[in-house]
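Below, each structure is written out as structure tokens.
Each of the next two complexes has subunit A plus one other chain: subunit B in the first, subunit C in the second.
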Partner chain A sequence: MTKRRIIGAVSFALAASVLAAACGGGSDSGGGDGEAKKGGTIRILTSGEQIAHLDPQRNYTGSDLAFAGTTMHRSLTSYKYEEGDAGSEIAGDLATDTGTASNEGKTWAFTLRDGITFEDGSAITCADVAYGVSRSFATDVITDGPTYAISYIDVADYPGPYTATAEQQAAYDKAVACEGNTITFNLKNPVADFNYTTTLLTFSPVPKAKDNGEKYDMNPVSSGPYKIESYEVGKSLVLVRNENWNADSDELRKAYADSIVYEFGLEEATIDERMIADAGDDQFAVSEGIQPENLQTIFENGDEALKARSVDYYDPYVSYTNLNNENLSCYEVRKAIYLALDREALRKAGGGPYTGDFADGFVKPALALDYAKSTMPEGYNTDGSANVEAAKAAVAEAETKCPDVVARAKSGLNFYYPDTPTWQKSLAIWQDNLGAIGFKLKPEAVEPSQYWPTVMNPETDYDIARGGWAPDWANASTVIPELFTTGGGFNLTRNSKDADYAEFEGLVNAAKVNLDRVAQGKQWQELNQYVVDRLWALPGSFLKAQSIWGSKVGNTFQWGPFGAFCFGNLYVK
Partner chain B sequence: MSATFTDTATLASDGTVGVVIEGKSPRQLAWMRFRRDKFALAAAGVILFYIFAAAFAPVICAVLGISPYELDGDALNDFGLPKGAFGGISSEHWLGVEPGTGRDILARLLYGARVSLLVGFLGTLLTTTIGVMIGIFAGYRRGKVDAVVGRFMDLTLAFPSFLLIIALTRPFTQRLESLGVPEGNPARLTYIVLVLATFGWVYVARVVRGQTLSLREREFVEAARASGAGTGHIVFKQLLPNLWAPVIVIVSLSLPGYVATESTLSFLGLGMLPPAASWGVMLGDSVKYYRADPTYLFIPGVALIVLVLAFNILGDAVRDALDPKADRQTL
Partner chain C sequence: MLLFVTRRILFALALLLAVSFFTYMLFAMLPADPAALTCGKNCKPEIIEANRVRLGYDKPLLEQYWLFIKGFFVGRDYGVGAAAFSCPAPSLGYSFSQHECVTTLIARTFPVTFYLSLGAFILWMTLGIGLGTIAALKRGRWQDRAATTFSAVGVSLPTFYIGLLVLFSFCIWLRILPFPSYESPFEDPLSFLTTMILPWTTLAVLSAAGYTRLTRNGMLEAMNEDFVRLGIAKGLRRRTIIRKYVLRSALVPIVTIAGLDFAALLGGAIITESVFSLPGMGRMSIRAVVESDLPVLVGTTMTAAVFIVLANVVVDVLYGVLDPRVRSK
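== the complex of A and B ==
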């Protein structure tokens, strides 16, 4: 659930990675033109100051996972490096296959390949993988990473390798056992798709001798085809070939380019400009999205050459609005807010339909088993327009039911937003829309890079905050529990005091351990509806994204699970 | 017969040229010189126009039927960009609409002018008052006082003020709010003006101090002192009137600087909060659209350039007019 960089319009997707199925790649962006060949330098242009985390156990956003996973860090399993639906299938990476489940899905075993090595040439052992996973338990040092290992692996009160007592370490070594080349995970509850969990870089090996805790972020040891030559925050990251990577041990990584250069700290407008101009080294560059104000130029101005090296697709993210249910403890008030919103105007402020489709919940249709059309609140306009009448009726109802909450809304709701021009416009629309039903906002502008830390701080008294999420793999078990239960990594709704919360949590826990995937899907559908019925959060959009690449870059498909390039397999034409 | 001292020559009835020598105060002379400068008059006209437009922004908007806050989604295409050429300029929206929201740019420009000019005038008023007081004090007392004040001015000048402004915006506005300044834009505005005053007075004070140092040795001051005039009389009656010329010049040059500073701060997201309009906010937003909607960038940019230019021209003209030695060629 790490934060995804706050870019331009809507991408408040608190990130995670994966979603199976379908990236919409309409254009033929694959390597159709000419054979892939070795050599050259691929460039990646970004406005970020650095990779959020290059430490495998802390790496979490879709784009970062796609980058680090395909270049430096191998995990036990991996999504296939393929375009379209095939890209959502998994394959063994460090492991010979996708793992073997036993004990009704409570025990998972993976056998490591021969010939797998770190960048210094030493062999990667089972102990290195177990050590890597153990690091993710030390959440005070190894921050921002996925917490699935902690919630799944059957070990209690294990604080990570740095501070564990001998007994605690022994307990962990029992839960994550090594026997020769085979690593076995003993889980608390059955997890039918644990081998999807192991695609996360949480399950990457780390050599204990080289682990320097927090600082490992800047100089992690590579197990993939590239290693760090230089890494300067705010400037660049240069990856060069790792001569000790054994191509025979790796069925996924093609490692075409001789080096990969990440350029940090560029202005977003500059990036678009350079990508559109396609001059010099920028012909070998890819960027991380297109600013909304440039979409028309690229997609609708009739420049076919430009259009041919760009794509408009559905990424794995869903945007929504978090309401603080402790302050807004009254359904009618939440409903009034939702119905009063002119979602079409908000979408236009962010770039129009290219930003996405109006969402009817928190699970994207691409999660086919877990998605069902939701019944929206009465008075909800599917065209995105506001329904002021219905909203006013809800306020009138609330006046009798919960006058204190209405009074709060009328005196001013704390609206936390990232201080960017686009959000300033969205705020103006929110103020206008809520003003129409007599509600007021107290805007709190937050420095964009501090936005997630601010709203995730339990002390922060927001009423309304942004939200965005993508599933970590093709199961809504990585969505509904994460967003709406107290144990979830990104629950900003503060819904635990809601009268229905206990019932909800019970249903979630039941769904989590259901091994019948189809029946489980049904449960997630119902739970998604459960949340929509209570409007703990307000569905926003099923997001789309756009990408552009230089004219001399090949293999530029958007990788479905991550909504990003398959960076390591890009090649120079 | 020479007409050097007057420009009013009259033809007497007997056919001889008679010259009436009129006495003119320095102020009248300055006004005369100023009036001859066509550029200066135009600049003054432009500034008056801006002030008028800012002051009557609500009236103008009401007459034209526009509002700086009203959203107009119908004026935008699917990308959230203005429909039609030149940023959606139409009979309804004279200067087009803002991308993303469809708010009227003319209305936002008018309301933005209020912020810009308010900051400019308040900032100038404060810096000038503080600067003149400290400058006279240091210059008149000389000696140790002057040395201490001088070092303090050096220190202030050496301060990386802009970085400080950026770093302190949030904590300081919060402090102001806790002290009872209304939350939001009043606090931001107060902060900007205070910051401008904190670092801006030095420039005024240095000039005033220098002038005071030389003036206090002049004969008329010595004469006043010899006839037993007190410090108050000397400062207010003898020194101050002679200081107005340089002060007015600094004012006319620093005012556009303050307007630009407000824009810069808003541009950096440290100025006015939305949905309030400010030129800096508009400029900051519009640079993104220079490819998709260049008109949007052009309009607030030109408005700012014209205002700053007008102040600079006016400042130059006032200096020339007040300085009898200046012999500038006017077109």
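== the complex of A and C ==
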């Protein structure tokens, strides 16, 4: 599988029923035969050169969160280590329970358990948690991590612990207060599901004395059942048991394996061959992602044993296309672009049906409370084919309503894309499709690693840019506001000048503070439709992924919130 | 001879300084922004700017280059307050992608590349010169044809093809060898050997092909030289003539090419390291290219340049040893 830029991390219930329905093949044994037992070594094979970040405050992708959270870093709360729906429920982790809200959701308190320790045996205190959270404010050093703490906690202009003045630090200490074993967060606004936010490793403890900033990524101190024995980028990460982890203080982690070895830098083709061959140590291995050319061998060639140790599932991500609404300020032009697109051809270019299903919005069905099937624009073909006639009709309408925007589209739209083989193929399809309605593209190939910094730069004048997102926890509050409001962390639609934006933002703010979760879900459903009705961005696919594991690995279910293995609880059969 | 060597070394140092300047400038002028790379998903222009200042990329290019050179001799400091850290001399910068000083990264990956190159070099020189000699001595016979065929096939096959072929053959289908998993020869010699045998063979087959042809042609040419005929006329033994005169004469161009080939390999055998998952400098370089990790790119390019320049010096000196006329000139 090609490396996809992973944005965001956590999704709601990828329930077992959804998985079962989604799985064109394969099954998830959830452990399979025999009882779980202690011992052995679990291996994880990857083409990646390293874990993106092991520093808890910088860790922010589904699989990495699932790995680091189940093995090394405990947070205040956690998702339950369960298959199906139960896996999306939260429980206290370092905290005794899922927290107590007061002040109408503006104040949240968590009491730490007794007996929680770092790998050196020292007790984890409230100050360690507060210090860990404070690091996430230092966005120049602690890069890549989630910024919810910055958005939510009621402290202004706090630059993080490395450069804060005494006054700034005092303000932070007031906003994140410690009293004995209880840590209290004072928030700017009510956050009904703040205890879901605290499942992020942003809320993991860090011992101040061991913090070496940027370099902490390579040698973080463990609070979980495993600690680092060796970590060599491009080669391997070896985790061994943390003898100072107190199992009695941890209701979630079972830590069956004696050690967990992450093998980096393997050729993707080699990983597949090894996993299919299932020989030697590879029988104790798991791998996320299967090369497209091997999907048929695994899922369709009738080898039931092979199929039984693999899974084809919906991962938490939704792909979409951002339109710059300042330039494309005319709905009819946006609609014409959407209807002219041959989405089936684009899906084929990306790998075919195994990559995902056509999306009808930005909230995935797995977010059950927040999802409702959207009404798509008139002329939208559900089979993914282009509707050129309808698109041309939209252009004709636009000629009257907004001739300047049509003129821009005809003279050439700035199309920013990552310079990868898949996107080069997609570009040709885009050019062909838009050419059919008289629109042109000015392609801007961006070196893949520079893509997000480039399009996130307000000075970049794109008309069309790619997008991909997964909710950070089981609430569309981490989708709609993030993608479509000016305060969101990933709004590339530049929609703030749209006539409807003020109304939209008001509705979003109302939904965010609604403590009635069911009613809030209804609001998100309506807001998802609100965006689809305006096509500020164009829905792409509800993405799927595939994983495979060796015949001697148990507990291999795909953990819904992360779309990944529950790594720390895998066991050797 | 001492003057000859000193002159070559001084010239090499000047050349390296020039290479460092052009390499740094070339990479610094690329459109990739190292400051933006340190800034992830929640990247905002003010964060990029803050990181640019923190890393010194806000300074004029010449000053950046000066800091780079200075860092090599006295080390460099990064960050402020509790988050401060330093890369000690000889510093080639810091990789914010791999969270390590570039010198540390090179020190860690270079031994892998060195062992890969050295083993492959010994194999291909033995194989290439051996087969070339046999082909020359058995000119026109089946041994010659076999060596020539080997040479043609070896040259035609791309590295990744041979690499994957031997990897899948020996590790998956026949299961004679375990999958490559690099270990230091000092820590686990057996694992080292079982891991390296396939990449060595892959590289050796490719390179030996060229050396077979080169040796064969060189020897055939030398056999027709007057000094060989004189040796025969004086009654010297055939073995002596071949070893002392023919082969020695044929080796002169081979030494030149071999030195440069070996040095180039030390810069990183990118494809071989990738196919066999060897954590060497080549794979690190390719990752740096993909991620626009400029400090690593500059560091690995400079390291490769050092070996190429060094190899040139050694070849020049060896040339002098093999052919006394060079020294006298």
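Just so we're on the same page, the second predicted complex is superposed on the first by the 546 of 573 C-alpha atoms of A that agree within 3 Å, B and C clash if a C-alpha of one lies under 4 Å from a C-alpha of the other, contacts with A are read in each partner's own complex, and residues count from 1 in each chain.
Note that in this section a contact is a pair of C-beta atoms (placed from the backbone, for glycine too) under 8 Å apart; a residue touches a chain by one contact, two chains touch by 3 or more.
These numbers come from a predicted model, not from an experiment.
Participant: Overlaying on subunit A: subunit B and subunit C, fit or clash?
Facilitator: fit
Participant: After lining up the shared chain so the two structures overlap, which partner does A:Tyr256 touch, if you call subunit B first and subunit C second: first, second, both or neither?
Facilitator: A:Tyr256 contacts neither subunit B nor subunit C.
Participant: Quick one: classify A:Pro443 as touching subunit B (first), subunit C (second), both or neither.
Facilitator: The answer is first: A:Pro443 touches subunit B but not subunit C.
Participant: See if subunit A has more residues touched by subunit B or by subunit C, and give me that chain.
Facilitator: Larger number of subunit A residues touched: C.
Participant: Is A:Gly351 in contact with subunit B, with subunit C, with both, or with neither (first, second, both, neither)?
Facilitator: first
Participant: For A:Ala269, decide between first (touching subunit B), second (touching subunit C), both and neither.
Facilitator: both
Participant: If we overlay the two complexes on their shared chain A, which of subunit B and subunit C does A:Gly213 touch? Say first, second, both or neither.
Facilitator: It touches subunit C, and subunit B stays clear.
Participant: Check the residue A:Leu427 against both partner chains and state whether it touches subunit B (first), subunit C (second), both, or neither.
Facilitator: A:Leu427: touches subunit B, not subunit C.
Participant: Check whether A:Leu295 is in contact with subunit B, with subunit C, with both or with neither, and answer first, second, both or neither.
Facilitator: first
Participant: Please indicate which partner A:Asn457 is in contact with in the superposed arrangement: first for subunit B, second for subunit C, both, or neither.
Facilitator: second
Participant: Quick check: superposed on A, how many Å separate the nearest Cα atoms of subunit B and subunit C?
Facilitator: For subunit B and subunit C in the superposition, the minimum C-alpha gap reads 5 Å.
Participant: Starting from the residues of subunit A touching subunit B, keep only those that also touch subunit C in the other complex, and list them.
Facilitator: Comparing the two interfaces on subunit A, one with subunit B and one with subunit C, the shared residues are 269, 273, 447.
Participant: Quick check: in the complex, which residue numbers of subunit A touch subunit C?
Facilitator: Listed in rising order, the residues are 7-8, 49-50, 58, 60, 138-141, 143-147, 161-163, 208, 211-215, 217-218, 232-236, 263-267, 269-270, 273-274, 277, 279-280, 282, 447-450, 452-454, 456-459, 489-490.
Participant: Using the touch rule from the top, collect the residues of subunit B that touch subunit A in their complex.
Facilitator: Subunit B reaches subunit A through residues 69-71, 73, 76-81, 98-101, 103, 170, 183-184, 269, 273-275, 281, 284-285, 287-293.
Participant: In their complex, what parts of subunit C are in touch with subunit A?
Facilitator: Residue positions touching the partner: 31-33, 36-45, 47-48, 50-51, 54, 78-85, 96, 98-100, 105, 108-109, 164, 167-168, 172, 175, 178-179, 181-182, 274-275, 277, 279, 283-284, 287, 290-292.
Participant: Quick check on the complex: what are the subunit A residues that touch subunit B?
Facilitator: Interface residues on the subunit A side: 268-269, 273, 291-297, 300, 342, 344-345, 347-354, 419-422, 424-425, 427-429, 431-432, 442-443, 445, 447.
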